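In the two assemblies presented below, chain A is common to both, partnered first by chain B and then by chain C.
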Partner chain A sequence: MELLDFARGPALTIAFAIFAIGVAWRLSSLLFTPRPHRRAEAREGTPSDAKAFVRGVFSRFIPHKTYRDVVFANHLNAYVFHIGLFIVVFLYRPHILFIEGFTGLSWPALPNTLVYGVGLVTVVSLGVALARRMTNPVQKILTTFDDYFSWALTVLPVLTGLLVVNGIGARYETLLALHILSVCALLIWLPFGKLMHTFLFVLSRGVTSVRLSRRGATF
Partner chain B sequence: MEIHTDHHAPPPLTPKTDPVPPYDKQGDMTDEERVDAAFKGFVKDFGQDVAIHMEACIHCGACAHACHFYQTTEDPQYTPIRKLEPFRKAYQREVGPFAPLMRMLGIDSRPSVEELQEWQHLIYDSCTLCGRCTTICPMGIDIADLVKSARHGMYDAGLVPDRLSKITRNAEAKGSQFGTPEEFIETANAIAAAFNVDIPINKEKADILLTTAPGELEGHHKAFADAGKILNKLGYNWTMSSEAFEATNFGYLSGNRELQKRLTTALIDKAVEIGAHTVLLPECGHAYGAARWEWNLWYEKDVPVKVLHMTEFLDQEVGAGRIKLKPVGNTATFHDPCQIVRRGGLTQAPRRLLKALGIDLIEMKDHGDFGYCCGGGGGALANVRAAPLRHKVFDLKRKQIEDTGAERFITSCGQCRITFERGCQETGWDHPPESLMELVADNMID
Partner chain C sequence: MTEPQTVGEMLARKGISRRALLRYAAWVTSIMALPSSMTRAMAQGIADTKRMSVIWLSCQECTACTESLTRSYSPTIDDLIFDFISLDYHEALQAAAGHQAEEARLKAMEDNKDNYVVIVDGSIPLGNMGYSTVAGHANADVLRETAEHALAVVAVGSCATWGGLPKADPNPTGAVSVSQIVRNTPIINISGCPPIPEAMTGTLAHVLAFGQIPELDHLGRPRAFFGNSIHDRCYRRPFYDKGLFAKSFDDEGARKGWCLYELGCKGPVTYNACATLKWNGGASWPVQTGHGCLGCSEPDFWDRGSFYKPLPASTEPLATPLAAGAVAGVAAGALASRAAKTRREILGAMSKPKDAADTTDKT
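So, the complex of A and B:
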């Protein structure tokens, strides 16, 4: 079996299975963790828990104006690589065709050249995030192995993708296989480290919003 | 006893210890027993919200930019989420995604006793549970609540700042941090006589159970008397209880769950016993957190008692037209007590009261839900060791207050007042805060 066949076949299947089962396990284990206490009676006139939850998830996308100056650069960079990742994963024609092959679902793509540019910007943005993590005293003191490992597994698929489309470093099939394998590694790790925030931000924002909203406080 | 009839008489300064120890220990547990007790204490708190929040951190460090201790020192050790490191380790060992693997392989990642000792400074001295970090976290992690949970394990391990521990033991022995029921009656009667206010104590039936804070009994005597004056003027059937007068809850602050329960249930049970529909809390921030938002921890089902903070009560009474106020007419700035405003939801109530007093409010640069803590909340005021850090925060607040150029400086929490009064004593700054409730009491129209 060629490396590309392995990557496209069993590797990707196993990676998707681990990703799906891992995410389901992590989320369900959190959702089924019992709440140790009843909640205090909510203040009169406060929104329902469901409304507070949804509002909380969306309201924290933009930092409050009190903090905008201090977190602006970091948030802006985070937005750049998050949106960049979304574009290269979901709006690149070969990826859409690949997903269509599995699911039958399809949607319009962005021009390839534009996506290549976005990929490059994403890599640079991730580089900036890494540099900040390695130099900022606050981030340095918080950083663990998970941060570096997750960073590497996030940047690798984008880098290898750029190598594939530019044909740099090896023959196309080998580069494509490495690209797919790097995606497999990302999928396998995602449920177990900080990359799980892809899903956890919803729960995390939601529960705090509900807690504070019941008090009539601002989230 | 000496009764202070002026607005700003602070309780006596706590004695200072020198040299300052890096940490304190209580009891004679071995190191292994302490680690075990802390670990078990942490684990008890691993419910759903804690689990979600322990998993969600992306280590971005944004929380540092909201914390007054980091802002005033620029020391990264004060990054709020880092204060939870021992708690996080316990979580990873017990509940985290690799916990089963770690247990299977016999990997002991529990925090060491040295770490716990080191983190005492971060969990107690440099966190006022103000929750400002919660408002900046892009993941919405409620770090303040997690630190409060971490204190449970620290208390169980006998690793609490000594001063907090002593207050806690005093409250356990006497049922109150202030003193015994007899001492309360003696002091309450003395204050009532000095201010010529009728303070009913131990009535068998009443609609409102008024509570107080040690600060009011020890120094803010006018606040104690004014609460009675307001209730008398409104004509309510109210009482205080010598068995349930203490709203301050050092169980909540120190991490002593049993004491927290005992102090809260004393208030609620007494209210039920005398048929009171309301427990009225004094101008005290964390009393509101413990009694209003955590009383439910100790009861299987709801009880027919409402817990109201004094600010919220006055806002209701003014709103309903039962209290009419003379216009004061000055400019003022308002310090937002964290547990009442950011963590309690009463952001607008004090502002409505200031408006009703005809006061032109000039807000500080950071105010309302995003105001900085006074630096003395969460037990930091009682923790002598935390004084140097507290003073740095005082400087930050002082600048923001001075920048408003307001004539008056008002707040609605006795603990915040004492913190500012201590700051005034230390620095010679002559701008102590006034009590919002006292302003209302002084300006009620007959």
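So, the complex of A and C:
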């Protein structure tokens, strides 16, 4: 069995199983956990839980005016690589074919050359995010191994993908195998590190909003 | 009239001019990506050399490799590669039969010790030596014996180079490739099902002219013919870059010549010269006829997933591990939450009696 056969077969199967177990375990652990008793009355004018939840999820897409000027560049950069990742993962034809392979779902793709450009921008943007994390004194203190590891596992698939399409460094099948294996590593790590925010950001934003809204905060 | 001593003398006697030989040498050097300055050296090398003794062994094969080499639509000079060599043994082409044929092989080996070339098509069965024999001798034994004092062994076709169809799962005959039998003689792999005729003749011409094997890739294939992927040289490649793909074999995209990637084309992971040399005298090739590349020149191409499954798709069903993983994860999460709740209740219960006892004491 060659490396590509291993990547396309057993590696993906194992990675998908661990990914599914991890994500389902973490989400169900949270959802099955009993809600804490509310020992205090909500303040007057508190929105309903549903409204507070939705407001919390969406209000965080734009930085609060108090910090807007300070975090603007960082926030913008985060948008760049998040949107870039979305385009690269979900609007590149070979990736759609991959997803279609096990879901049966398909949708229109962007031209490949455009996606290559987006991939390059995404890598640069992720590089900027890392540079800031390593140079900003406050962020540096807050950064743990999880952050660096999650960053590496995020950038690797994009980087190896760009190497694949440009044929840089090795033969196509070797690069493709490394690309798929990097995706496997990402899938395996995702549920257990900070990358789980892919699924948890909705819950964490919403629940925080509900709790703080009851104490009078506005979103 | 004396017998011609060299290939050059023999070609001259057949009316083939030196200019024609130079044209042929120029063609071979160009397809093998050799410097143009090598043209004259190759022509001279071919002209000066004696006809090389070639022994062709057929093992578990379908004869398509021989068909590929011999089938041509017009007699070109590369067809005359058979005049460059002395094909001393070939079960399908030789006139001799039975013991005479075997004697011809042994004589060629003895007369040209260390200077003859062995060509092999077909895989070699090791599961049971009786699966494929010639004159009562197992393929593996004949190959070992013949290759021992050969200048080089040329494995032609994917069966000889990788095991091919006979080796496909579950490999009932225990088929292996030439490289798993021959250990101490240089091997040139010319893979394909069948291989491109020019890849075979060009490689032989190189060995004949320069007395050495051409530059090989990591799989032992001549880099000149197997250095580029089908995808890189495919005339449909611009459509891939534009994201224009045929969705079925008869849709509008297919008729417009769009990329066949979504229909399972294995061109990106297949290395061969089909896209440049083409087949049948350069008339066409599989992708030009509208079918994706099967990847026939790569190892174990029969067992690498469906020919019609796109390359990015997993070779194993992923829906099952996803669904099973999700169910297992939810169950684990529910159990963990239940355990946490129980623990909390136990802790709560343990603290309550103490409070109650304290209250009782006070009263």
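Assume the second predicted complex is superposed on the first by the 209 of 219 C-alpha atoms of A that agree within 3 Å, B and C clash if a C-alpha of one lies under 4 Å from a C-alpha of the other, contacts with A are read in each partner's own complex, and residues count from 1 in each chain.
Going forward, a residue touches a chain if its C-beta (ideal position, glycine included) is under 8 Å from a C-beta of that chain, and two chains touch if they have at least 3 such contacts.
These figures come from a predicted structure and were not determined experimentally.
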| item | value |
| --- | --- |
| Joint occupancy of chain A by chain B and chain C, clash or fit | fit |
| Contacts of A:26 with chain B and chain C, given as first, second, both or neither | both |
| Partner chain in contact with A:41 - chain B first, chain C second, else both or neither | first |
| First, second, both or neither for A:13, with chain B first and chain C second | second |
| Contacts of A:93 with chain B and chain C, given as first, second, both or neither | second |
| Touched partner set for A:4, first chain B, second chain C, both or neither | second |
| First, second, both or neither for A:149, with chain B first and chain C second | neither |
| First, second, both or neither for A:167, with chain B first and chain C second | second |
| Shortest span in Å between Cα atoms of chain B and of chain C, once chain A is used as the common reference | 10 |
| Overlap of the chain B and chain C footprints on chain A, listed as residue numbers | 26, 29-31, 33-34 |
| Residue ranges of chain C touching chain A (in the complex, touch as defined) | 229, 231-232, 240-243, 245, 261-262, 268-269, 271, 299-300, 304-305, 309-319, 321-330, 332-334, 336-338, 340-341 |
| In the complex with chain C, residue positions of chain A that touch it | 2, 4-5, 8-10, 12-14, 16-34, 93-95, 97-98, 100-103, 109-114, 167, 171-173, 176 |
| Contact footprint of chain A on chain B as seen in their complex | 45-49, 51-53, 55-62, 64-66, 70, 76-77, 79, 81-82, 95, 97-98, 134-142, 145, 292-297, 302, 341-347, 366, 369-370 |
| Chain A to chain B touching residues, read off their complex | 26, 29-31, 33-41, 43, 46, 56, 60, 63-64, 66-67, 70-71, 74-75, 78, 133, 136-144, 147, 191-192, 194, 196-197, 200-201, 203-209, 211-212, 215-219 |
